[in-house]
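Supplied in structure tokens, the structure appears directly below.
The first chain written gets the first letter, and so on, giving A, B and C; residue counts start at 1 in each chain.
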């Protein structure tokens, strides 16, 4: 097991190097238009002395591979550099935003697990029934909906229309800042539903096909022949087998939500990691972009490793490391 | 009979059998597809959108107004849907219906060109990787891993930031980002086809690598590619809309559905029609590609990891 | 004494897009306590569907028991409600399946799966059920049962898995054990061990066994009665000795001729039954076996043969069954039926 984890971490190194190199190529002089010093200082005039100082500080006079070496050395020490725009350390910026993203992602994951799994099970157990057709159709629609549009529709309905119809009595906050009369978690509802929408549809689809496959297996007949109730057969014998691929999807999805929430965060003005990186791209604030992407890539890699390891817990056939027979 | 000629003869026979099964495979698939009402609905909708879009120059401007003409006279902007403006007008007095129809041009063009770019890169790299294996395989697959490790939408944004936001760069960025999935799908098809004896037989007869690739491997690997490509068009349309929504895509005044939604954001309260129709257009078009992709997957019996 | 299990005119049909499949079409037999009935036939002859019908495990709405009666200790199984049937399953009538590789749930420990029916039917605690499972594993001859009970199915070999399946089936001391081709998926040497184990356990527990198989050979020593099925129909049924030595149906003769016989004639050739098993959607008219039967006459495609008694309690569904000279070996000897 430890050997397996070690091997997996070793495999991550080339991918990690690839990501950082690619990021460095993207910001290399000539690729990006403009003077790097100007990117840092903006349009205001600067003295030659200050210019020299900035070049020295950010090692802009060094060749690219040297800059890369300096960057990676600092990175390994936990230093992601300093924002060009705000003079604060990149680590601090994301330490500030990360809890927001995490909160939103966790809320979305909870929705996706509960709704997605329930819909998938109902759909599979009552194959070809009205509920099944409904679930199948609505999942197709959900994967086709642009999330930002869904967010806007939810805002129009729950934030504006509902308020009008109920004379201002019932509505949901449209963004984190829009109203402070609500407890914190209420602000999460609409963004979380928006962020969860597509994933919920995928979970429901995977769950449905996995349940159908599990329910066609011989061991289900064995369980029925034991005299178990249909409920026990479905929820004990089929579900545990069907859940394994769903866990993988949810795990990977959690990683995607770390960054893929840009659109949801934009629609709801949610101050998260994705939005921070997006804004930094617009400002050419490369230390923030690189630091943010690297943080996300590392988190995604760790999550993927955890997902693989959770296999061993869920599926006894998989044992990492030692050959066992 | 020498072993070589026997092998050659059997290869020819197998070749014929493979040919005929391919034909019936497509025939069966077509029949199954025709039975799938949802897939047919998707196909019909795509056809309608394509026809409306191609013919738009003839009927849209005279009936509803030019999608780009700004009318700022009092009462012209932000009109609610009416008979003359079925989807209302936007802040600059432009007809929303007209812009939605022309927006389909942008979406379909981006979808098709982006996926074509992904296909070209993905098929070449996937073929090299699957057919030759070894170092090339490792190189291609590890590069794909790097692409997968990147958060997708952020990668697209970063690429656009480097290339500069424009219509052309949007489909280049989406196209570049799409290759790893195609390469993986194609590579695994090749690996599974390569195991078959008739490929060995063809090689024994001295067929060239290219001939083996096109004559023997492609026909068997093409089904998953078609399914994947169809579904990817829907994905590319959504990505274009998302990038344009974020201001990293098609630039104003070109009518793009994502851009229209971006403009609608500050007017959600006053003019909800600006939000509803472009979004609805994205939803239905993408849904049509998804349903068709699903239908073809079932018809061609392609197994896909979700 | 009333029979333990009485099946009368059982018919189970499947309703598919291509037509109605009469998987089981008029089967009758009875089973006494402690006895063994062998149900023999090619794949697709309706053996397994018969077993699943007795357990009421036919998946509706695709399949349905359309006719007949099943009495267990005098009670009609087909008239029972769902919960009464569940009380029967795994408790009074247990079943083991063909492929032990896939019939055990891969994500649960073997001991837990064996104990499950004890928790259900005997209301044992999880711990007591597990302890009992260990005893059962010991009984079916699994070494170190206490350790092995904690293993998962994939850690067992094929033979061990089938032993575990038997332990699972016998957990509640059932009156009837239905074994659906229990040895088909196993190596030949393991097959013999499993059959021996079943006979031994039957002696000890007094369980009646319905042994479903395509191989007459493996039941020769075990069976008290034999039922031969063809295309969903019962074509011969009777005491094992009578069926083996005085069979009245050409299909059974074919099955017997295709057995390697070491006792009689070392050089004797094996005679396969020619032709393919019939499609269950387009069952041949009249006697379903007639296209493959070398004794077929003009009447055979026209009329469905009735079951005739050819010996005491021994029935064969052939137009010529019981006629003088219509005996096994007649054809090989060159003699045609007069």
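Simple rule for what comes next: contacts are C-beta pairs under 8 Å (C-beta built on N, C-alpha and C of every residue); 3 or more make two chains touch, one makes a residue touch a chain.
If you're wondering where the values come from, they're calculated on a predicted model, not measured in any experiment.
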Worksheet, complete the sentence: Counting contacting C-beta pairs, the top-scoring chain pair is A-B
Worksheet, complete the sentence: In terms of CA centroids, furthest away from chain A sits chain C
Practice prompt. Return the distance between the CA-based centres of chain A and chain B, expressed in whole Å.
Written response: 24
Item to complete: Mind checking the centre-to-centre distance between chain B and chain C? Centres are C-alpha means, answer in whole Å.
Response: 54
Response to the item:
Listed in rising order, chain B residues that touch chain A in their complex are 38, 142-143, 145-146, 149-154, 157-159, 161-162, 164, 234, 238, 241-242, 245-248, 258, 261, 264-265, 268-269, 272, 275-276, 278-279, 282-284, 286-287, 290-291, 294, 306
Worksheet item: Where on chain A is chain B touching in the complex?
Response: 14-16, 18-19, 22-23, 26, 31-33, 137, 140-141, 143-149, 152-153, 155-156, 160, 202, 205-206, 209, 249, 256, 258-260, 262-263, 266-267, 274, 277-278, 281-282, 284, 289, 292-293, 296-297, 300-301
Response to the item:
Listed in rising order, the residues of chain A that touch chain C in the complex are 217-219, 221-229, 237, 240-241, 314-317, 324-325
Fill in: Of chain C, residues touching chain A in the complex
55, 57, 86-91, 94-95, 97, 99, 102-108, 116-117, 120-121, 152, 154-155, 165, 168
